[in-house]
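Below are two complexes that have subunit A in common, paired first with subunit B and then with subunit C.
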Partner chain A sequence: MDIEIQKITGRPSNGKIKMKAGKSLAVQIPYELAETFSDTMEKAGAHVFSGGLLYYKRLNLKVHIEYLRKWYNSPLKTEDLIRQFNITDSVSSLSKLNRTDIQKLAYIHALLSNNQHIVFIDPFLNTVNDNIHLFHKMKDQLIQQEKSLLVASSRLEDAFIVQPDVMKLSEQGLETVETTDNTEDDSSSNVSKIKVKAHDKTIFVTIEEIEYLESHDGKVYINLGSEKFIMESTLQGAEEQLEAHGFYRCHRSYLVNLHKVKEIITWSKNTYSVIIDNSEKSRIPLSRTKFNEIQDKLLKL
Partner chain B sequence: MNMTRAMAIFEKDLKEFMKNMMLFTSVLIPILMAVFFSRVGIGAGAEGEMPLEILGILAGVVFSAVMFSAVMTMIAEENEKDTLRGLLQSPATIIDIILGKSMVVTLMTIISLVASIIIIGPENYWTVENIISLVLTGLFFLNVGIGLGLVVKSVATTSVYIIPIMFIFGFTPYIEMLVTDPDSTAVKIAEYFPIYQHMFVLEGSGGAMEFIILAAWVAVSFLLVLWAFNKRKNDE
Partner chain C sequence: MNLFKIRATIYRDIREYFTNYAVLTVLLMPPIMALMYSTPARNVREDLPDAMIFILLGTALASIATNVPLMLYAEENEHGLLKLVTHNVSDLMNGIAGRSILVLFVTAAVTVISLLIAGQVDVLSWPLVSGLGIAALVFLNLGLIAGLLAKLQSTSTVYGVVVLFLLGMTPIIETFFLNDSHLLMKLAEWTPVYQLMAIHNNAGVMPYVIMLIWLGLTTFSVYLAVLKRAKTL
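And now, the complex of A and B:
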């Protein structure tokens, strides 16, 4: 199934999103386009799962699975699915369950659906790591079933949770996000603060407080706690400046403060995330090629 | 039409019906009314025989409170919560959904009606003619419920329709208490309403005419369903 980009962005473009059987895609789309994107995909005949969990609050998970299985005439077995997705409470009504439990039902729904084209929109907002593992389980099964999966997320780091090759949709069209790593040369400095701009103010940020830097649309953003600032530099430049302070280029578009790294999660064979030690537990993509190196660096820190 | 899908909906909605207090209590209302009428009736009616109007109104309550309002509420709830999104891949699937839901409300209507009639225990109720009149009246109420259910967007809006439909079509025989003059036009018009046809058939005074009028009501209500279908299709 091909979807023309111009239908989503409303601007002339020759680009197409190609959904192929047995293949998955990860696309980062701006938040403003999410709704149009969802409508376009639905009109094209894909089964779209967006944030809202559209189920019956009076019924339990088992009844739901049984109902969907019969509706789609699926050969999968209810008991197997309950076990596979670690559903512990299949008898309480949905109104008594929390969001992460109900989210599993959306994954199961995608497996049971007889639609060839499955689309998830922002599946990693408000979720827990266990569910991301289950999402990968679902993804593998969908691909085994020769279905095609498209994951659209508004945050780039979320798209990298799905797979290493990610595309980016913007007003300019569709482009592949490059993930080849640049070679870096050494240089160090003894500064403890760096200069960033926020509107009309210039702020001096203590380097130790920075959690990670990301490059996005040609700009470099500094993330500290809940705040985000633009830095007037390239990520390459920032890397040279901050390397001596224990920063590591874990991905082409990300520079992470190793002091703030809490854990590394392996989602699948070649998708990894670095978890930052903050209240949001931010998930930063980690390149496959850097997986071993970052561990060495973390041990020697 | 796909029977496995209709059965999937039937099983799911039967479970939901049992857990939805608003729907479930509607099944009990006619039964409680029957208990009430049977107590009062023994003193008032001749030889304990229940007046015809009471049986007519009881059928009207069953059809309007259970069949009509339940099917409308069930469809409206799906509309409101958008729970059918992703399930409606073709226009044909909505027919499976409606069929499944209709089976649930029909089952509940039969339970409610049979239980109420057994409590009252009238003679010569289950004649072939009367059962046909009940089926036709039921179809009319079911169609109105489906038609309005497809149009309304939330459960709250259904109450706007439940009361008028219940009073006009369910409690039609009560007009004789409001308008005592049997020759007035209001009573004459009311005598063409579905519940009256059922009562005439039950009384034994009914002929082909009553069935033709009932069939006409069913046809009109079916047109309402078709209109609602088209309206919904155009809205999407």
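And now, the complex of A and C:
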């Protein structure tokens, strides 16, 4: 199924999003285009899972799954799905369950759907890691079923959770996000603070407090606490400055403070994330080629 | 028509009936009414007057065939639930078919139970049963129209109550002791429940004609409602 990008962005473009059977796509889309994107995909005939969770609150998970199974006349068995998706409580009504359990219903629905084209929009917002693992399980099964899967995310790091090859949709069109690694190395610096801009102020941020840096739309953003600041440098320049302070370029677009790394998660054989020890448990993409090196660095820290 | 989708809708709705207290209340209303109306008559060893029997029948039709689909669709519209599995007109029609089959079956069952409680089951003759069948479809259509177009559960309740009082309990107008030539009496004579009373009194073919006109108009309105609702799926 091909979808013209012009219908999403509203700007002239020859580009198309091509959904192919047995393949998955991960696309980062601007937040403001999410609704148009969802409408366009639905009109094109895809089954779109986006926004809030839809469910009949008075039914329990077992009955709900069985209802969906009957609706689509799916050969999959309800008991197998319950076991596969680690559903512990399938008899309490859905109004009593938490979001984590109800979210699994969306994954099961995608497997039961007889639509060949499945789209998830921002599936990882407020999602626990266990459910992300289940999402990958669902993704593998959808591909085995020869369905096409497209995951659209407003955050680039969420798109990288799906697969290492990510595309980016902008007003100009669709482009692949480069993931070749920058192997340059340079000397350290003696600075303990760096200069950042916040609105009309210039702030000096303590390097130890920085959680990670990300490069986005030609700008470098420093993340600490729940705040973002713009740094007047390229990511490469920041890497040169901060490498001696325990910062590591885990991905072409991300530089993490190794002192703030809590854990590394493997989603699939090609997708990894570094989890930052902050209140949001931020998930930063980790390149496949850097997987072993970062572990050595963390051990030697 | 997709039988799997119709069966799935029936499967889901059966569970809704037992867990939705509003629907349960509406299902219990006719039998409770039958008990309340028939007890005084039983105590004096008399049959219920015809008007009371037909108020009971009209209430069963209006409360179940109209209000149950109305409430279920209104709730689905309010919470956006229709989008869960309904993606096109065909899905919508399959859902309507499944819901309607179950509602008609439950309406028939509750009507018979209510008549048994009232001790009036012998009022059912083949002409009246066929008239009740047409009337049930009319009331079902009224519920579907209001339910498909309702945006909120709270406002849909208003439509349900209006149908219940004006079209379900029409014979109650007899207690106003109006002249036969009064406008309200003239209007009441065209309502479905009055056609059922006419069939019971062997009024020939005209009541069936009037009911079929009701059925035609309401079915066309359902068709328009489906087209309108399908645009926002």
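We adopt the following convention: the second predicted complex is superposed on the first by the 301 of 301 C-alpha atoms of A that agree within 3 Å, B and C clash if a C-alpha of one lies under 4 Å from a C-alpha of the other, contacts with A are read in each partner's own complex, and residues count from 1 in each chain.
Everything that follows uses one rule, which is that contacts are C-beta pairs under 8 Å (C-beta built on N, C-alpha and C of every residue); 3 or more make two chains touch, one makes a residue touch a chain.
Please read all numbers here as calculations on a predicted model, not as lab measurements.
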For this session: Kindly say whether there is room for both subunit B and subunit C on subunit A in the superposition, answering fit or clash.
Result: clash
Problem set entry | Contacts of A:R58 with subunit B and subunit C, given as first, second, both or neither | both
Exercise. Once the shared chain is lined up, is A:K70 touching subunit B (first), subunit C (second), both, or neither of them?
Worked result: both
Exercise. Between subunit B (first) and subunit C (second), which does A:S93 come into contact with in this model arrangement: first, second, both, or neither?
Worked result: both
Exercise. Is A:F49 contacted by the first partner subunit B, the second partner subunit C, both or neither?
Worked result: first
Exercise. Is A:D165 in contact with subunit B, with subunit C, with both, or with neither (first, second, both, neither)?
Worked result: neither
Problem set entry | Contact residues common to both interfaces of subunit A (with subunit B and with subunit C) | 47, 52, 54-56, 58-59, 63, 66-67, 70-71, 73, 93, 109, 115
For this session: Using the touch rule from the top, collect the residues of subunit A that touch subunit C in their complex.
Result: 42, 47, 52, 54-56, 58-59, 63, 66-68, 70-73, 93, 109, 115
Exercise. Quick one: in the complex, what on subunit C touches subunit A?
Worked result: 4-5, 7-9, 11-12, 15-16, 19-20, 79-81, 83-85, 87
Seminar exercise, completed: Contacts from subunit B onto subunit A in the complex sit at residues 4-5, 7-9, 11-12, 15-16, 19-20, 81-83, 85-87, 89
Problem set entry | Contacting residues of subunit A [partner subunit B, same complex] | 45, 47-49, 52, 54-56, 58-59, 63, 66-67, 70-71, 73, 93, 109, 113, 115
